[in-house]
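Just dropping this structure here.
Chains: A, B, C, D and E, in written order; residue numbering restarts at 1 for each.
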């Protein structure tokens, strides 16, 4: 009897049915762990024996010259680019190199692209709706209903990103900065464990930068955030720990002050006056 | 005056078949015009109704229905491909229309409402093979065709026929190609190899339409001439030749029931009329045109005989009607709705014409059901009462599906 | 160099630029500022001809009326454009990207001016790589380099520092100054970053909701103005 | 329910209203008006209308994948034809021993090509339920296998279009082969009855016409339901930025596969209804040019609207019927000219003329287009 | 075989021993009688009469026989006068008197009875005419006559041949005669020594002789023949492979030609040009038109058609671009719809203006026939030219796209039109030029195809689908890809064809394309990396 009950229990999920979606194991500290990663494109080494560890709940800034491999690194983490060698782990359970992009995304890694990419033929509202953390399989998506709970959540985010008035505008007509915000909004809707943010403040005014900084710092702790940015003012305002990439590997790592006084970093990246 | 007699013309004027069919439309218009000048028939004028089924088979059925149901035509002249005929057949039968079908075909059909004025396989293929075997001494055979029903059936019939005549299976090579096939290199090279075994070899070609030009070109270029390996074609007529540079093809053969080069007065008159009608000195005539000529005249005669255009009356009246053909003889409508025809073999000339090298001593009656196919050798067709059956099985003494359908 | 008068622009129904007036004096760097979505990029596109204007005039070099000219003719007049979002040709190599600019050069020069490569050595290094394969910052450098190839008289830069590493941003600033001073180039700059604007621009103009709300020497860019128009 | 959601839309209500009203009016005019009246709708017209409706359903299926998923399928004719063949095989088996050779098992073409027994894939088609399931399954499974392969390897844009074209072309050549056992070029014809009703009677014709109308309504609802659901928005997302959608956690290839299979099945149903009404199915339905033409109907009617597809299909085919009759020599000029003019002057198709869509969802440059330029 | 029969005839001796035909002339009445017998006898009897005419030694005999062979010897019904037809097209024919050679002007076909000839007789006639060639002063004629002897030598001739070999100057004719003799020896006498001569010969008669020898009882003969045969088989396999490769390349080059214009308009510009096939058709019709303008000079007309075809198609392309495509900027998919319409219009236009029937395009002499590499392998000339032409066109296009600004500019314009214009590129001009170029190349393809296939309204349709396949298979936007794709598909097709037949081969090629695209979703030469995802 109890066996039957157990078998028919609707809440029960069989072990074999729950592979990839299982929670991220962060008992050992790091949420993201890259070791010995190498990538080359047609002989050009974009990532060169890269080692990087991000702790759970950490807010990490990554800086480095153009072409240092920051975006490529994010591509590797999100499964867009496959490294030639090396290993990438999410928590201590998930080997990201074996997973596809949607799998990685549903594990809880969200990403904002360097060049803002939103769904131009959909409205701002719909963009956020699609990003929302829900069951993303086919049939649930087909039968999904817009509940007030969801709606409130979207409104909330719209508020944060300041696009409330444009909620019904097509995303395609947004200005560059507005798209940046929308993408951040989509990231928020996704509620990921790990946020990868590529140049969030490009094209924003000083004040918007401040708001973004606040937003990101407020997320840290609950979620882990990796920020790539070239605006030193912004980096300084949020940074706890900074990693400098150069030619595909880590050049320096430490607090903002440590890093910005590193002569090597000044030479290849900051320039004399920064 | 009374209402005109409406003549539906159902030939493709666009699409892939326009190349062959559009001249038949003009032929019909010419015949109708001529008949009208001669006072029409039964004191009524004839009125053509032209539609374009656009080489699209379902559209053929639709247009046939339009002609019969909407335009209320008294008779339809039309179709070229077998599939288009198959497509309109149920419509013609359902609405009890009359269809004159002018093209040589694979046989295996006999409908109460259709009159087959083109050749059945026994009026084209068999005599041609006889000629090759007896007069040319061919011992090895290539049966090359486009992959559709007419070549398939014809080749099946010929295969049985040849084997009956003692040709070994190894001496028959069968090859099918898709519609519009244009790359004949490998096949022609195979034919060449097949033909170099020391026995006289011939190709029986049921290659259709556009595929012929590249085929003959390749033959010419690979140096196969008619003296070595003659090709006898069942689908290449004057009209097809008018698109080919015939110089390298001289001597290849075709089997038809009519050639433009036939030396008869009826033919010369027909050619003159056609040249005048089309306004083109170079215009050519061909076998399906003759078929329409015969079919049209038979229809006129039948209407005169019946004294009405009522379909059933015409159907009855037309059996046994004989009209002159263009080769100097007469064509008679047989009870199986096929007609009698002479069979001619012609050799291609450098002027795009055929010169007749052989002909049957008398006309041959078309056979709806082939004697060389196991499924149909026991079937006959006779649309005279009391038999009135298109597929009467002489062994079991029953009339195919018809009788059963009626019994239900 | 460029005088904009009573410019009105619409995206379909929505009125984006309102009676806009702006002076871009010869041999100076004028910086346009404003919050997101106020119409800065739109204005640049109007000058370049990528968006059509409803009314108003764009007088170039005191006598040429731009509104009637085709885009390519504006380029031929010597307007170089570095658009927002880089707009490089992704499938052309870096070198080919640069060579597109040779079409309009009056001197019929067939090679890419050495200056471009000097300024952005990375472009020389990656000459044969496809534009789309470059990193974001490299693309931005390519976009600027490409505009320089045509040796423009007026250079329009829409947020040129975006995504570029700090030392190169500074370098770009220096180059702008140098070109202005040595070649008498006129620059129209869209920039959000105050320090950069303050350091390299001569004049400023602030847009708000499609209108010009302030204008003047860069020294006159007070905190008050900033607070009023550039803060959300 | 996702299926009823579209009923809240004005456009869907209008569409279904017009459709059902036409069905009723046509039926009434056919049944109750005397034959000699000018208002009488003949069974010829009914069959014609039925054919248009089949094409309309096919066009809706194409619009679903093209308009909303960005997959320009140049091979939807294949699914249509497969559905048609499934139905054709059923109808052939229904002939029984009424064929010309009177063979109770083998269709005529098999008898005269000397086949001894029914090939295995013909088995079961004498049962209506089996045939009707195959109408859905045959195109569905083909779409599933083909789509699985293609979407898994991320074939997109023109590459996908061309391989769909290759698919239908290959099938056409295969079906032309007489060895395949589908009647070769002559196809399947001379059907007698369906579900026991004689195909030649007006009542059966009317029934088929109404059935097609209902199928179109249901197909439209299904498509509309998908389109208005979140899945529909995900489809648009896939269409415009496939990679981005993936990073949001959607399995793009499954979305594509699902919609593609649904669309293929709808096309199959359209084909199945088409065959008994036109009376023939032959490999030319597999012709790539036919599939391209379907795309043209959709574009002409207005892409990514669904009702546009219906309008386009009906209009073009009506035009064909009329012009091939009244100007047989020159109708291609008219048709070709129509295509050119509509594209140049009505970028949103005819639907764009009728309704000004609130949101220009179809405005975005879609994936295949970008591919084409890439 | 025809020759064998003839060789036993006393006539042969006459031909082989006399230095040339005699200059005699028989009486006209005699001639009239001979011709009358020819006209009135049955086919079987005609053979005899033909030999009599040939044997008569009349200097006009050759002319009579020649015109008889080509069905141009006739008789005027009313007067019974024998004539030779000079021009036999249309309803009135130009004729001259067979006896006097006097031109009689045009006579209605109704009044002329042509004397019927058939294949068997024509064989006979040709043999008579060709044996004369063994003594011909022209080396090529002698060579072909000698080759024709292979397998048809009989006892009488076998004795003569050594003599002929001796007097022969040309080595190749000598070799052919030697081989002919060896075949005779192996076949009739089982001569082991002669087997060596045949070793390695690719002649089919030689093979037949060896095969016969292998079946004989003489062990030595069998051994020698088996060995010779083995070497032949090996050579043959090689030749067959070479032939297949040639077929493949030639099919491939047709595909490349048809597709390469599309690789520009579609691959580079992004216009899905469904009217591409019709542009090809225009090129082909231009060739036909040229030949109509220059009757009697098909070769010159063909050469002139190359620029003309390019021009006609390019102009048509410009017209299409200006009227239709320019309005569809940024909506490349819609170009499919509009150009589909254009293609329908063009097809029907040709049908109404010219004719729904195919047109005859004549192949000039220098393009017909084949070059013989060896007796088992000859390459058809028209295809050889087409391969060369395809490569030249490809190279030319490559040069234009790589070395001129147009190539760069068109790519810039298609990738980002607004930006390209901002760089000062005249986008409209670039569009027109590029579309004209792509269309013009399609026209060139048409000129070439007119030598291979039908010139008719359906020409375009038969190539459009293949063209798209080739371009896409090669990787859109990559000219090298198009070249390689065309050649690969062509070769695969020809490799498969002997195995599975033409239909299945085509199906398999299509399936191959489908599967290949799964493996490489962006064709043979894909655009890789970030750039492609753009």
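Just so it is clear, contacts are C-beta pairs under 8 Å (C-beta built on N, C-alpha and C of every residue); 3 or more make two chains touch, one makes a residue touch a chain.
Going by UniProt, the chains are A = Urea transport system ATP-binding protein; C = Amino acid/amide ABC transporter ATP-binding protein 2, HAAT family; D = Amino acid/amide ABC transporter membrane protein 2, HAAT family; E = Amino acid/amide ABC transporter membrane protein 1, HAAT family.
Just so we're clear, the structure is a prediction, and the values are computed from it rather than from any experiment.
The chain with its Cα centroid farthest from the Cα centroid of chain D is C.
Should one ask which of B-D and A-C has more C-beta pairs in contact, the pair is B-D. Nearest to the global CA centroid, when each chain is reduced to the mean of its CA atoms, is chain D. Mean C-alpha positions place chain B and chain C at a centre distance of 76 Å. Rounded to whole angstrom, the centroid-to-centroid distance between chain A and chain B, based on C-alpha atoms, equals 74 Å. Distance between chain B and chain E, defined via averaged C-alpha coordinates, is recorded as 30 Å. Annotation: 43 Å between the Cα-based centres of chain D and chain E.
Of all residues in chain E, those that touch two or more other chains are 347-348, 415, 461, 477, 503, 506, 527, 529, 532-534. The multi-chain contact residues of chain A, meaning those touching 2 or more other chains, are 41. Annotation for chain D: residues touching 2 or more other chains are 173, 176-177, 243, 329, 332, 374.
Of all residues in chain A, those touching chain C in their complex are 41, 44, 64-68, 70-72, 114-115, 162, 173-178, 181, 198-199, 202-208, 211, 230-233, 269-274. Residues 78, 80, 100-102, 105-106, 110-111, 113, 117-123, 126, 129-131, 136-138, 141-144, 168, 170, 172, 186, 190 of chain A are the ones touching chain D in the complex. Across the complex, chain E meets chain C through its residues 405, 408-409, 411-412, 415-416, 418-427, 477, 527, 529-534. Within the complex formed with chain D, the residues of chain B that make contact are 13-14, 50-54, 56-59, 61-63, 65-66, 69-70, 81-83, 86-87, 89-91, 94, 108-109, 147-149, 152-153, 156, 176, 178-179, 373-376, 379, 390-391, 393, 398, 400-402, 404-405. Taken in their complex, chain C has these residues touching chain A: 11, 35-37, 41, 84-86, 122, 129, 133-138, 140-141, 159, 162-171, 192-195, 230-232.
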